[in-house]
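In the two complexes below, subunit A is the common chain; its partner is subunit B in one and subunit C in the other.
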Partner chain A sequence: MSSDLLRYILRRLVQLVLVIFVAVSVNFLIPRLLPGDPVATLIARMQTAGGNQSIDIAAISASYYEKYGLDQPILSQYLNYWGDLFRLDLGVSFANFPEKVTNMILRALPWSVGLLSAATLFSFFVGSWLGARLAWPGAGRVIRTTVPALMVLAAIPFYLLAIILVYIFAVELRWFPPAGGVETTRIMRFEIPTLLDVLHHAVLPFSAIALGNIGFWALGMRSQTVSILGEDYITFAESKGLAPRRVFFWYGIRNAFLPQITALALSLGAVVSGAILVEVIFNYPGLGTLLYTAIRGQDYYVIQGVVLVLIVSLAVMLFVVDLIYPLLDPRIRR
Partner chain B sequence: MPVTRLSTALRGGIAALALISAAGLAAAQDVADVPRNQTLVLTPWGDQPAQFANIENWNPYLTSITKQRDVMQYTINEMLFYTNLNTGELIPWQGESFEYAPDFMSATIKLRDGVTWADGTPFTSADVKFTLEALRDAPPEINGSASFNEWVASVEAPDPMTAVITFKKPAPRFVRDFLALGHENHYPILPKHVWEGQDIATFTNYDPAAGLPIGTGAYKLVSTATNQQIFDRRDDWWGVTTGFQDTPAPARIILTPVSSDEAMGQLHIANQVDGGRQLLIGTFEAARAQNPNLLSWNPEGPVWGAPDGCMYSIFFNNMVAPWNDVNIRRAINSAMDRTELADIAYEGAMPTATFAFSGYMSGTWLTPDTPLTAKLESYNVDNHSQEDVDAHMAAGGYVRDAEGFWSKDGERIEVLMRTPAFIQPLLAPVTQQLIDAGFDARQGAVDDSWLPDMQLGNFGTMLFVHCGSLSEPLETLQHYHSKWARPIGTAIPNLIAGFRYENPEMDAIIDQMDAMPASTDPDSEYMKDAVAALDIALRDMPVIHLIEEYHVVTFNGTYWTGWPGADDPYAAPYTPWEAFNLVIHNLQQTGN
Partner chain C sequence: MTDAAAANRASRRKASRVDGTLVAGLALLGLIALISILGPLLSEPSLADVGAVRPRRPPSPDFWLGTDAQGRDMLTLMLNATPNTLKMGLIAGMIGVGFGTLIGLISGQFGGWIDTVISVISDSLMTVPAIAILVIIAGNVSEMTTLIMALVVASLSWMFTARTVRAQVLTVKERGYVEVARVNGEGPMEILFREVMPNVAPYILASFVGTVSAAILATIGLEALGLGAQNELTLGNTIYWAQQSSAVLRGFWWWWAPPIVIIAVIFVGLFLTSVGFDRFANPRLGRE
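Coming up: the complex of A and B.
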């Protein structure tokens, strides 16, 4: 490994650590700056959810403030927060005491990772390929009609697309289930019918995210491909007599693809935030629904935990993209 | 596809499934399959995360864990008595009868012979004694601990079938309120042989190997995961072996989470749920168009739903000016066109209200000839009239300023109407009606700041929910007692009484009522006190009631029939209420 490359990696690593430090600090502070008192919210929930019983507010407040360490100075809370993070302890849910936030996130994470990674990668590769094909001379009629339609879909927010898909494919045609991760009566076992049920339930949320993204990636790729069509290396490759397929993939897509990867890294945050409402609409048991419910219930520790996981995931993914980039484009190493 | 590629794909898929299963769904390996038409699928009330939390904590008394309210009350646990709130009928269950001492300083409960816990241990008065005294001594975060500490002095168990509760003060309604109401009183008796020696605040009540959680109910927990909780019918349930009840029809009950109104509507359309979370009227009607088997309390709309005992109301902060002026409060009442509010905010799906006596009171306390009805009618509360607004404001010394708004001494009355999000539909029409009546009114932000401000008294006017009488007038009237009021800046102990009203005359009446049993006899002291208290409440109007909260409780008749409704009101239809256990025992298969 060259010293330039090592320096590049170290620089990115420092950036990663810095981003995570700032993100964690902001993540700690923001919920505490919001109006409203989480303990008061908890007590009010006790009052309203359990009928109109009278309760000893002062005693409960004191008990919960102590339990959550909220009676300590903010600096102590901050230091404790870091200490807990190093032990992978994200605290305990306010709304679901004594459930550990880490457990809640671990249960939700696989659903979101599965849905988002599949939908994002699918839309990224399919969209990029379609965009390149559209820009490349000789695109067929199917490509020329499909891609603009997908670009229109890209203008529709995920959640709206989700509602439309539910109406058409779940309510009217009833091809796919409208909500949930599996059938409500499904007994979860390690067997094919369960897997098929999981996939069947993932089709519509997957489609809402993927359909909303394919046009976006196609649009970007088309612009990039158009810009490289007149490049000398394309002309050179064609004049060498290389097969059109080889020119398309190795000289066209490979060069036009670089900005797409940057865009992929930058768009991950938007995809995640957009997917939150998709999960809510589909009652999908992922991080989005967990975050949505936590925000509504002022469940600070869950909000902090989910946001932290999202921030760290995005930062790490950006870091990985940064590492991959030099492999794709040697100029970056310099 | 070549075989190798297919097997690779399958391996990948199974690996993905394993990942998801590892996320909390792996507990169901030994659970037998039960056909859908023998399975009752319910959701918890209200919005929940799409995954259950605390799946291995089945403590019914931790306030932050709502399992008793979500599902335990009609599966694992049972109550001593239930009450059909529609008729007031007491329905003995684990208990056979109860009787108060003449001075109401004690109550003797006779238990039903033959009741057993799921592990075969007899259910006895020792369990009752253990539970009530444990609640009396429990820390504040335990549901009901403050109340049990307030009322229960001790409990004796002179024989296995008899429990005698001694109170700290006369308690003529303790058994009904805590052990028999059938509403949000989640106080199941605990098995002493399991809970004794455990810390009630930390014991999880979960150990499948030991058979926990244990109750006397007709169902046992067979699987708990983040996406579903499964309860199978017990063949050895005491109710059948003693001949008390028939075997309940559902062989299995599944509780599944649902996070929104839309998701619930979709699940109903797809016949994936049978009941649970309420629907908004628009969602219900849209879903019913797709699935005609959906039903609610009433067979026809727009008032499909059933009362839940609460009223959407304007709470005044009676401790601060100008809201401590009865003339303004009465003027604002006259400014309200309740029918228009119900139509605009709730599509006519909820009835108007004049006082916080719920629909459950109408068959007993509020029939046309009762003194309470006469008193309510004498005040003509629902009388939208600008003339009355003008008269009340003039009586208070208010005049219209140059812009037509009510003012006093050159200072305009500003009405900042606030509300929590769940009553937001009312905010705009109420504000507009105030403006139309000459008040300089505006809408407050709909955020969570209402809550601490209401607790501490930092508000003037608040649209809020006044949950009151289901069984007797005192349940509402007690909220007018000054014991709930606190100085501005000090948190109140009961949001429902958040209007901070103080009146010694009212206090004296409420204290008298509190010490005597309820009576519908027009000549009884209780009724006379109730009428007197109602008179003060209507005269002073510290809170104005606008609309009665009716939820469109939705049941699916595809697989199950026998749901409660206006035609067959054998129980209130709310799943989080204790008496929903009666519904489970009334359901029958449709044959689909």
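Coming up: the complex of A and C.
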């Protein structure tokens, strides 16, 4: 391993630690920067929000004071906060007192991870392939007309596409359910009908994210491929008499694809931001809907917990992508 | 005909389409600008007050775009919400680009540890899901106003500009004319503003389009989550209320469709403009 590679990994590691550190600190500091007693403010806000009168205000505020340790100096509060995080203790929900935030997040996480990873990987690979085909000489008519249309579609925020999809396919045509992750009456067990039900509910949210993203990846891949078309090694491969397919896949796509992986790492944050809103539109039982419900109910610990999980998991994912990258591009290893 | 010749012809066809893209983008944005300027003048703002008209009416000769569940005329709402949304995006975009330019100039010009620190921070921020941080800030502000909203959004939209400007400063810095200026005794500040700045300007302009579009995206996203300035008429707030009242499921298409169409026109306009501008500014892209 060369020293350059070591420096590269070290730099990414510093970035990872920095993101986590800043995210945690911001989460800790912002409520404290505001004037007044945060607990009193929160309780007052909750009472004015009304509705849930049965909640035990005293128990909540006691747990809050204990949690924050508001009588202690700020530095030890901060250290306590880190300690809690290492024990995966994200506090207790207001709206569903005394449900643990960690449990709520763990329940929502599989839904979000499943939907988002499937939709993102699908649009990433399909989009990249379409973009490469569009740039390569001899693209068919279908590709030449649909791909630019998809690119324009990608400019529109994809949660708005979600609304349109709900209207067409759930309200008018009634092909797919308009909301939820699974039939409300279904008992979750690992069996075929449950799986089909889950897939049936996932079709529309998946399509919204995919439709909104394919064009983005196609656009990036197209410009990468265009710049690679002028390279000497392509001309050389062609003049060697290699089959066009072979030139396309092993000389074209293989080289144009690398910057796409960097782009994937950089745009995951934006994809997650959009997916949160898509979940809200579909009332999908993932992190986005959890966050939205928490915002609506001023359920502060839940908001904080979800945001933290989003930032940290994304940072870890990027770190992994960055570690994989040198394996794909031998030039970086040197 | 060889593949190279085909590629050449294809790119020449593309080159002639360049202007079309830019023109189409600018036309769409011009349409939106026209609505924004004329809309508030031509409409009667009181029709957008809650309870001004009969609620939940479909489009009719009286109310061209119908009315929402709170008894507001949708047409008036749209005519006033469009400029507000644009204003927010422009303010946030300008702050973001201004700050990003400054940071990028400093980073590129001075290099060293300042550059390293700035790069690590901006790279890190770029990878964070913006909405997560925005939610935390917006949720803790006691009363959301347009200006706070713009500042909040701008705080997370300067990185792209900073990156672009930094990269350009690094290449411009090594050019001969900068060397000549340095030998002639110009100070670092003079070099920065008289030699480097004018050459970086087109890139700043290009990143402005992207930043405004990102700012509008973030603003609408926050508003759709119910974290916007509640008393402002904006496109995002309209979507929030439509969503709150299950307008989609109840078939009130005239409630959610107009804001979506306007937002789509804005984003497609910005997208076409930036693609067109990109090819216009870097002719090399189309000539390959």
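Observations
Criterion: the second predicted complex is superposed on the first by the 278 of 334 C-alpha atoms of A that agree within 3 Å, B and C clash if a C-alpha of one lies under 4 Å from a C-alpha of the other, contacts with A are read in each partner's own complex, and residues count from 1 in each chain.
The definition used in the following text is that a residue touches a chain if its C-beta (ideal position, glycine included) is under 8 Å from a C-beta of that chain, and two chains touch if they have at least 3 such contacts.
Because the structure is predicted, anything quoted here is derived from the model rather than measured.
Judged by the touch definition given at the top, the superposed model places A:106 against subunit B, while subunit C stays out of reach. Judged by the touch definition given at the top, the superposed model places A:198 against subunit B, while subunit C stays out of reach. In the superposed model, A:166 makes contact with both subunit B and subunit C.
By the touch criterion defined above, A:188 reaches subunit B but does not reach subunit C. The larger set of touched subunit A residues comes from B, when the choice is between subunit B and subunit C.
Once the two complexes are laid over each other on the shared chain, residue contacts for A:296 go to subunit B and to subunit C alike. Within the superposed three-chain model, A:262 lies out of touch with both subunit B and subunit C [touch as defined at top]. When the two complexes are overlaid on their common chain A, residue A:178 makes contact with subunit B and with subunit C alike.
By the touch criterion stated above, A:280 is placed in contact with subunit B and with subunit C alike.
163, 166, 170-171, 178-179, 280-281, 292, 296 are the residues of subunit A that lie in the contact sets of both subunit B and subunit C, per the superposition on chain A. Within the complex formed with subunit C, the subunit A residues making contact are 11, 14-15, 18-19, 22-23, 26-27, 30-31, 34, 137-138, 151-152, 155-157, 159-160, 163-164, 166-167, 170-171, 178-179, 223, 226-227, 229-230, 235, 238, 265-266, 268-270, 272-274, 276-277, 280-281, 291-292, 295-296, 300, 303-304, 306-307, 310-311, 314-315, 318. Listed in rising order, the residues of subunit A touching subunit B in the complex are 35-37, 40-42, 44, 46-61, 63-64, 93-99, 103-104, 106-111, 114, 163, 166, 170-171, 174, 177-190, 192, 194-195, 198-199, 279-286, 289-290, 292-294, 296, 298. Touching subunit A in their complex are the following residues of subunit B: 10, 13-14, 16-26, 28-29, 31, 33-34, 36, 39, 41, 47-51, 53-54, 57, 62-66, 69, 139-141, 143-144, 146-147, 150, 183-186, 202, 223, 225-228, 230, 254, 256-260, 262-263, 266-267, 269-270, 272-273, 290, 447-449, 451-452, 455, 465, 467-468, 475, 479, 484, 491-496.
Residue ranges on subunit C touching subunit A, taken from their complex, read 3-4, 6-7, 10-11, 120-121, 123-124, 126-133, 135-137, 139-140, 142, 217-218, 220-221, 224-227, 239, 243, 248-249, 251, 253, 256, 260, 263-264, 267-268, 270-272, 285, 288.
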